[in-house]
Amino acid sequence: MDAEVFRAWIVSSARTIEASRDHLTQLDAAIGDADHGINLARGFAAVLGAQEFGKASSPGAVLTVTGSTLISKVGGASGPLYGVAFRRAGKALGDDADPGLHALSAALDAALAGVQQLGAAREGDKTMVDALAPATRAFSKAVAEGASRDGALAALAEAAEAGAAATISMQALKGRASYLGPRSVGHEDPGAASTALILAALRDAARAAS
Amino acid sequence: MDAEVFRAWIVSSARTIEASRDHLTQLDAAIGDADHGINLARGFAAVLGAQEFGKASSPGAVLTVTGSTLISKVGGASGPLYGVAFRRAGKALGDDADPGLHALSAALDAALAGVQQLGAAREGDKTMVDALAPATRAFSKAVAEGASRDGALAALAEAAEAGAAATISMQALKGRASYLGPRSVGHEDPGAASTALILAALRDAARAAS
Amino acid sequence: MKKLINNPDTVVTDALAGLAAAHPSLAVDAENKVILRAGGPRPGKVGLVSGGGSGHEPLHGGFVGYGMLDAACPGEVFTSPVPDQMLLATKAVNGGAGVLHIVKNYTGDVLNFQMAAELAEDEGIDVVPVVINDDVAVEDSLYTAGRRGTGATVFAEKIAGALAEEGADLAAVAAVAREVNERSRSFGVALSPCTIPAAGKPTFELADTEVELGIGIHGEPGRTRAPMAPASELAAVALDAIGADLPVDGDLLVMVNGMGGTPLIELYALFSEVSQYVRARGGRITRSLVGNYITSLEMQGFSVTVCRLSGALARLWDAPVETPALRWGR
Amino acid sequence: MKKLINNPDTVVTDALAGLAAAHPSLAVDAENKVILRAGGPRPGKVGLVSGGGSGHEPLHGGFVGYGMLDAACPGEVFTSPVPDQMLLATKAVNGGAGVLHIVKNYTGDVLNFQMAAELAEDEGIDVVPVVINDDVAVEDSLYTAGRRGTGATVFAEKIAGALAEEGADLAAVAAVAREVNERSRSFGVALSPCTIPAAGKPTFELADTEVELGIGIHGEPGRTRAPMAPASELAAVALDAIGADLPVDGDLLVMVNGMGGTPLIELYALFSEVSQYVRARGGRITRSLVGNYITSLEMQGFSVTVCRLSGALARLWDAPVETPALRWGR
């Protein structure tokens, strides 16, 4: 997977986030402050508009500029968290021009570690971690079991989706939704939902490239 | 008609105003500031509660204390206007213990003159004058034509009622409704409506006493 | 209707109790509904009394203090106060130099103040009334109730209050209040109605796509209803109406006033439009107020008031003032 | 949704343009969204920077000026600003004595300020963050996001700003901000939701007979929903919650804050209840604020913030301040 595939991933993430802007915002309205879709749409639009994004010549560079731009443009909780996730993943890939599945797995683990280090959320706290953590686990398991690229990425996206859905029954302990206490139960976490969308975009971008 | 009849008039005015409180307020909401019923209800309740009201021993004294209390308790445009009307009428009656129809007619004329002197409204301006003026005219005409007390008071009340209804098609030139310009057309003037109620109460109080 | 009150019948006195508790600089007579500067009348200083219906807060009670009003008389919600209140206030603030009544031009306010002035004159107190009528939405004519008094009241109270504080006599204080009124014009727009507590329902209905143009401050509908428009267009509607009557060039004092339910972020967005409009016509906004100063309960909307400044008026505007709602210089 | 704006996407920058036009004492960088005191950094003075989502006006931009903040960074509506803004502000106000970051405890604010502080430290600027978390509606626990920062932010900005103006060093200024936070507690109640311009519909639905108890300042629903009640009962709910955590006796600074759409007459009615409640428990409200200071757009409702004063804190509260929204002593 070269820089073009990674760039296509981010472009398609931007598209899916824009298309889900109102849905994500409504999820956030239920248990937060009704801005998650707006925040991410603004951020991804800025990424696509950034000069360095078009010029980034390695997968690592694509992800690093994505993360930096999100940090500069999103704000809120999700800005730094997604920003760090992409930056850590980009740093982990280094300037490998065509990272393989093991490198990608390590990059995803680095992204998760970055999010947890910054946000201190654990699985079950009803955050994006509840989508990202099972997804990275499913991906590395599939890779270890010798799955194909498309198969491993399908496992990744599926686990993220299932993880996001599982947040519905959780009571939030981190982020804005935690202020609602028991009233946070019964709603999907917006950050987990957007993580599932972004990882599905990765699966689709890779599939389209093959 | 002695002091008791006049007191009964004011008591019954208070009752009819209280019963029409929301209606008068709604009329005022349409073309004013939605307080006319509230204002008058507060004022008449204060009149009934005033020590001197219960003690007033002549018709003139009953009306004078009514007017003074309205001035002190109502506020708004209608407070001074109704206050002056009752005070002038009371002054005109002097300490006559049992004024006849001519004295009553003169008192009503004095009330109208007081309202017009203070408020400078003419007939057709869409104010309480549009109920009071035709009513006093009808009353003095009936008296001049030798009508009975009940007959003359019926003419008074009827003319007030018709005058109030006629304000519906007028455009306001005085009072708060004038700010609406042409939009004031199509609504009954609240002060004209309350005047009709008060004069109907006079008719009924006299009838009940006979 | 949902309001932060105990009871529609006690809201005015309850709020007065809160005003008294919050501001030791005021002497609040909650029973008689008069708000006074603490410390009694200032000998030799012209006293300034204003008043009007409640529901316009901070007007007038929030403007009682050094360099502005000596007393305010709050009526029931949107109902002008009664002469008893004004007489009591007039007597309480008379320091021997006479008393100015600042009266917004509404039939009720004018009539009640007129009665109070007569009673005060009977007791030997010089009273001069100045009637404020700055609202260009209403035609000014001898045959009508005339223009309403709105935003210019704040300017007149501040500027006349500053002159009185300097020791000017009653005629001079009244003259400057009149001058402020003559140099000022206002126009208001409502995005929503408001609900009088005792009435319990909104004063009018307004679709989500409509605004009322040319409103007053008593929850009444405006002169016309128009489609909702961006802030830039609403600012232009207001300033076109003002400008048709008074050139908006030269040094200006401008207030962008919220009607009570409009957040400050929107008032600032509107102020930006107002300032661009004025600049394009050769005006310089050298002084301004942005916020809730003369309101209609929780109504959403705004009014713009423009006053053409002279050097003397600007100096009086800048003079120290210390009231709950307007304070600088001390 | 009806709002006095041009466009949901430009409301923050439009309001900044208005703020700049209205207040020559501010230097507003609308492009980078930073509000600074005009005149550059004060050499030797600790700089105070705060920031947060927009929609809480006058917080924080309205508190920039002498004796309070040196800079404010407004984010999008209800969205914490980004590190770039905070870094720019931090560099612009650094007079060599270091910079205090006053941060409301929300994950977004904390994370973005943390990133900015790291970048500023890289450029050799001493930065100390103080996190405000005064909202008793939220449980304080290591395992959660912790209490929200609300009304105490205003007190901390004023009091730390006064100490910085006196020339105290960064450690002392940070310590007094922390002390204010420790001595302050808040609780909020919503009577209506608000509508984020870009979202276009209300953040929640609330029946005419219900209130939200324990709300924050971002239009989020509260901890519980309860039947609408008189002001006296709502005041007691808020103060019971505060009092369970901090005794409300002794000398107190109390703010009765409107959420943006509640008129002043109601806030004063509520203040009367608050003052009676506190007096009955041995408290003396010696200083107070009643008005809109930390808002949620046009939401109707209030928050109460109580700060237990010491003599030193009272003195710093009384010190001169000159900002658009808080001004006395000059």
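Lettered A, B, C and D in written order, each chain numbered from 1.
By our rule, a contact is a pair of C-beta atoms (placed from the backbone, for glycine too) under 8 Å apart; a residue touches a chain by one contact, two chains touch by 3 or more.
Everything numeric here is computed off the predicted structure, so don't read it as measured data.
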Hop across touching chains from chain A and tell me the fewest hops that reach chain C.
2
Report the inter-centroid distance (CA atoms only) between chain B and chain C in whole Å.
32
Any idea how many Å lie between the Cα centroids of chain C and chain D?
29
So the centre of each chain is just the mean of its C-alpha atoms; given that, what is the distance between chain B and chain D in Å?
54
Of all residues in chain D, which are in touch with two or more distinct other chains?
77
Going by the contact rule already set, what residues in chain A reach two or more other chains?
none
Based on which chains touch which, is the overall arrangement a line, ring, star, complete graph, or other?
line
Every pair of chains that touch: which are they?
A-D, B-C, C-D
What does chain B use to touch chain C in their complex?
25, 29, 31-35, 38-39, 42, 71-81, 118-119, 173-176, 178-181, 183
Footprint of chain A on chain D - complex, ascending
53, 75-84, 106-108, 111-112, 114-115, 137-139, 143-145, 148, 196, 198-199, 201, 203-204, 216, 218-221, 223-224
Chain D residues touching chain C in their complex are 1-7, 11-12, 14-19, 21-22, 54-55, 57-58, 62, 77, 191-192, 208, 211, 228, 230-232, 234, 256, 260-273, 275, 285, 288, 290, 292, 295, 297-298, 300-302, 322, 324, 327-330
